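The next part holds the structures, each set out as structure tokens.
What follows is subunit A paired twice: with subunit B in the first complex and subunit C in the second.
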Partner chain A sequence: MKSVVTTVIAAADAAGRFPSTSDLESVQGSIQRSAARLEAAEKLAANLDAVAKEAYDACIKKYPYLNNEGEANSNDTFKAKCQRDVKHYMRLLQYCLVVGGTGPLDEWGIAGQREVYRALGLPTAPYVEALSFARNRGCSPRDMSAQALTEYNALLDYAINSLS
Partner chain B sequence: MDKRFFNFFNLTEDQAIALLDTPHDQISENDSRYIAASHLVNCPTERSIDALIRAVQQTDPVLANRIVRRKSVETLGRLQAVQALPIIHECLQDDDCYMVENAAWAIGEIGTQNAAILETVAQLLDKPGQTHRVIIHTLAKSNYEPALERIRRFTDNPDLPTASAAITAVCRLTGEHSQMTKVVGMLQNPNVLARRLSIQDLIDSRYYDAIPSIAKCPVSLVFRLRGIRMLAEAGISTGTLTFGTVQPHLEQSLRDHPNDLGLVHAYEHPPTLPVLIQELYETDFGRCYLACKTILEHYADAAPDALFATYADEARSDYGAHFHVMKLFGWLKHAPAYELLIEALHNKQPQFQKSRAAAAIALAELGDERAIPELKTCLNTRIWDLKYATLMALEQLGDSSGYEQAVNDEDWLIREKANAMLAIAH
Partner chain C sequence: MLDAFSRAVISADASTSVVGDIDALKSFIASGNRRLDAVNAIASNASCMVSDAVAGMICENQGLIQAGGNCYPNRRMAACLRDAEIILRYVTYALLAGDASVLDDRCLNGLKETYAALGVPTSSTVRAVQIMKAQAAAHIKDTPSEARAGSKLRKMGAPVVEDRCASLVAEASSYFDRVISALS
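Here is the complex of A and B:
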């Protein structure tokens, strides 16, 4: 599992050296932000179902053409697809908050997943739209502290960017 | 190519072009240029291609615009828009690695022998931070031999899917098969993406010897069936394979019993039933199959109630767990699930498509002959795996009346299966 700490140590070890000053600064930075990350992780874990549901509900409301009747365009199609996958990405994102790096998303959600979506002709737009909603929905101090929200939003941006 | 999800947003071509041409900072809150760029895959017209090219030319680096540019390049690739090659060539120099990935992929889809373009793609192999796997795919697909030695350097890459693509590319460019067993070995890797992606490489290299191993690979049967079908198509057309050699592996995959898979995970101790039921929702199907196997071995009596409960609660709207619930009712031979299986057999929502074939197999396990006329209606669909599973189910239920219709089916695999069954019957 990649994190700032494991990346720094792996790089130092590969070069047969001690971590440099800038390596230690990046570890220090990660540790300083850990309280905010863990706060965001705790809030997200407690509200995962609500956050995912709100994201896809809002997305359907926002894009009325997602609501049309028909086998491939129906409301339920979008909802079920989106609900399952948004929850999956939110869980990986929560792991990233705990780890303090993008390793869980990179390893389990992105690397190769883009290829799978392309090969099978699966739409990325529902995830991108739902995660974008979640990105714009978070509010401080209502949902979490400003620092925690910054950490959470940075990872949502990362997920949106790398899935699209 | 499965196009079930392409027409997802029900936009018209005019609406999509108008959205795409709207500057991103003027787009209404109720609209999305990203969706418009995705939707135009349904419109192989000059107008749409021109609109997509205009979208690629809008280079504002904000995230909302960046993702539209990338998606536009992908759509141009799917439309095989040769006229877009010059601008896609420029995108290979982009700072955004995902844009570069999509551009390299689109060049492979469009297909070109333009040496300048292919050399730019090859030079990306020396650039760190790129999706080298996709770059290697495009070079191999384009048969660009000047990149061979540069690709060979990736055959020991620590990133397994990249190494797998490189080994496959060397095989395609030189005919050297010696390393392909490494790619076959990745079918049993603990990482689900390594397993899924190695199937793609085995397809690309026409490595027919891998078919039995693909049939045992613990990923969703969608990946296994796609791999076996594509290899069968290629091998039978050249006379290298016969339907008879592929048939047992294809049917093993369609039947999809967890005991027929080489599982890559293990439990230290069997978990409780609620934990196992929750495992059915995992996105790594390797873990779901382990849970199914454990449920069958340790909780066969208690499982039906738990399966009905999780179906009512969440699985009816979760296409992964839905599939496993249907399969388990079949393996458990649980007669009270008959109505639920019939409903799944006829469920037309596209994300539940694989549950239809699963329900056909499960209904045969129940041994209830009432299912025969219900199953036969599935022979009129255009879904090959459902039709094939239906023929297998009818065979198990002792009904052969569907063969005459199936020998004239539009799908060659269905015709082969029906002919094979008729040959046995006579």
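Here is the complex of A and C:
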């Protein structure tokens, strides 16, 4: 999976050389930044259910038609699935925070996303609303440090852009 | 190819849960500079380590450089040196990534079969890898043997911590052991 370290190693391997000083510098840069990412990942993991629930509630509030007969949030099974989907995005986002790149979101969330939602007849606007709510909900220093929040929001923006 | 972080993600994804063991990753980051020093210690001494390991292997088994031996003539000796360097290089990558996947996928996968097909003696290869393992430990700890190295003594001279990077020595040794078990 793509990250700073694996990219550096792949480049060194292609050239058939040992890790050079500049390779080690790149890795060190990534290590220095990773404290913020891991802080966000830790806080998100601790509150994943609450974050996902709030985001889900926000999107149903904005699109109440989803509760109508035959719509995507009309019965308990569907409701549970919608909530699961939002949680799924938040989980992939946590993976991205851990890895330090968008690899997990790209590979397990975005690839094939459009086709799946089309096939299931699901609207993407509510997903955008749920993620946007989460995007604007985080607050520093209440939830996490400013740098951690920046990393977290950047990934939410990335997910939102993939859906819109 | 995975690193310590993506390994954590892959194993968390297998149970569709979030990555829970953040503390392990935090300690990976906390010891990040030590890890880079260890990688640098090996990379900076690589050619010395490789030639010493192969020379040591031959010293213990002179038949290798006599007619019919696997390090005779020069062409085959050169191939041997090249292979030792390749193995050391992938071990260094694994140490940098904090995960053995790059070593497994790109170096060890099929190596035993290749050597069997080429008639390379496994026991000699394993001996050279064992010497490199000892050298790597000495360089990471920055305690090369003064008695043996003599005038060729090389020290990194980096600030040395109390435990002399014991965990990294153990990790590097485990990658060498991985090579040895893949060959035998």
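Annotations
Keep in mind that, in the parts below, the second predicted complex is superposed on the first by the 121 of 164 C-alpha atoms of A that agree within 3 Å, B and C clash if a C-alpha of one lies under 4 Å from a C-alpha of the other, contacts with A are read in each partner's own complex, and residues count from 1 in each chain.
As a convention for this text, a contact is a pair of C-beta atoms (placed from the backbone, for glycine too) under 8 Å apart; a residue touches a chain by one contact, two chains touch by 3 or more.
Keep in mind that what you see is a predicted model, and the values were worked out from it rather than measured.
In the superposed model, A:162 lies in contact with subunit B only, and not with subunit C. Using the contact criterion defined above for the overlaid structures, shared-chain residue A:41 touches subunit C, although it does not reach subunit B.
By the document's definition of touching, of the two partners only subunit C reaches A:27; subunit B does not.
Of the two partner chains placed around the shared chain by superposition, subunit C is the only one that A:3 touches, whereas subunit B remains out of contact. In the superposed model, A:12 makes contact with subunit C only, not with subunit B. In the superposition on chain A, A:114 makes contact with subunit B only, not with subunit C. In the superposed model, A:123 lies in contact with subunit B only, and not with subunit C.
Overlaid on A, the two complexes show subunit B and subunit C touching the same residues of subunit A, namely 108.
Subunit B contributes residues 1-11, 29-32, 34-35, 38, 63, 66-67, 70-71, 74, 98, 101, 105, 131, 133-134, 159, 161, 191-194, 196-197, 200, 222, 226, 281, 283, 317-320, 348-352 to its touches with subunit A in the complex. Listed in rising order, the residues of subunit A touching subunit B in the complex are 62-66, 68, 70-74, 76-81, 83-84, 88, 107-108, 111-116, 118-126, 128-129, 157, 160-162, 164.
Listed in rising order, the residues of subunit C touching subunit A in the complex are 1-3, 5-6, 8-10, 12-13, 16-20, 22, 25-26, 29, 32-33, 36, 39-40, 42-43, 46, 89, 92-93, 96-98, 102, 106. Every residue of subunit A that touches subunit C in the complex is listed here, in rising order: 1, 3, 5-6, 8-10, 12-13, 16-21, 23-24, 27-28, 31, 34-35, 38, 41-42, 44-45, 48, 91, 94-95, 98-100, 103-104, 108.
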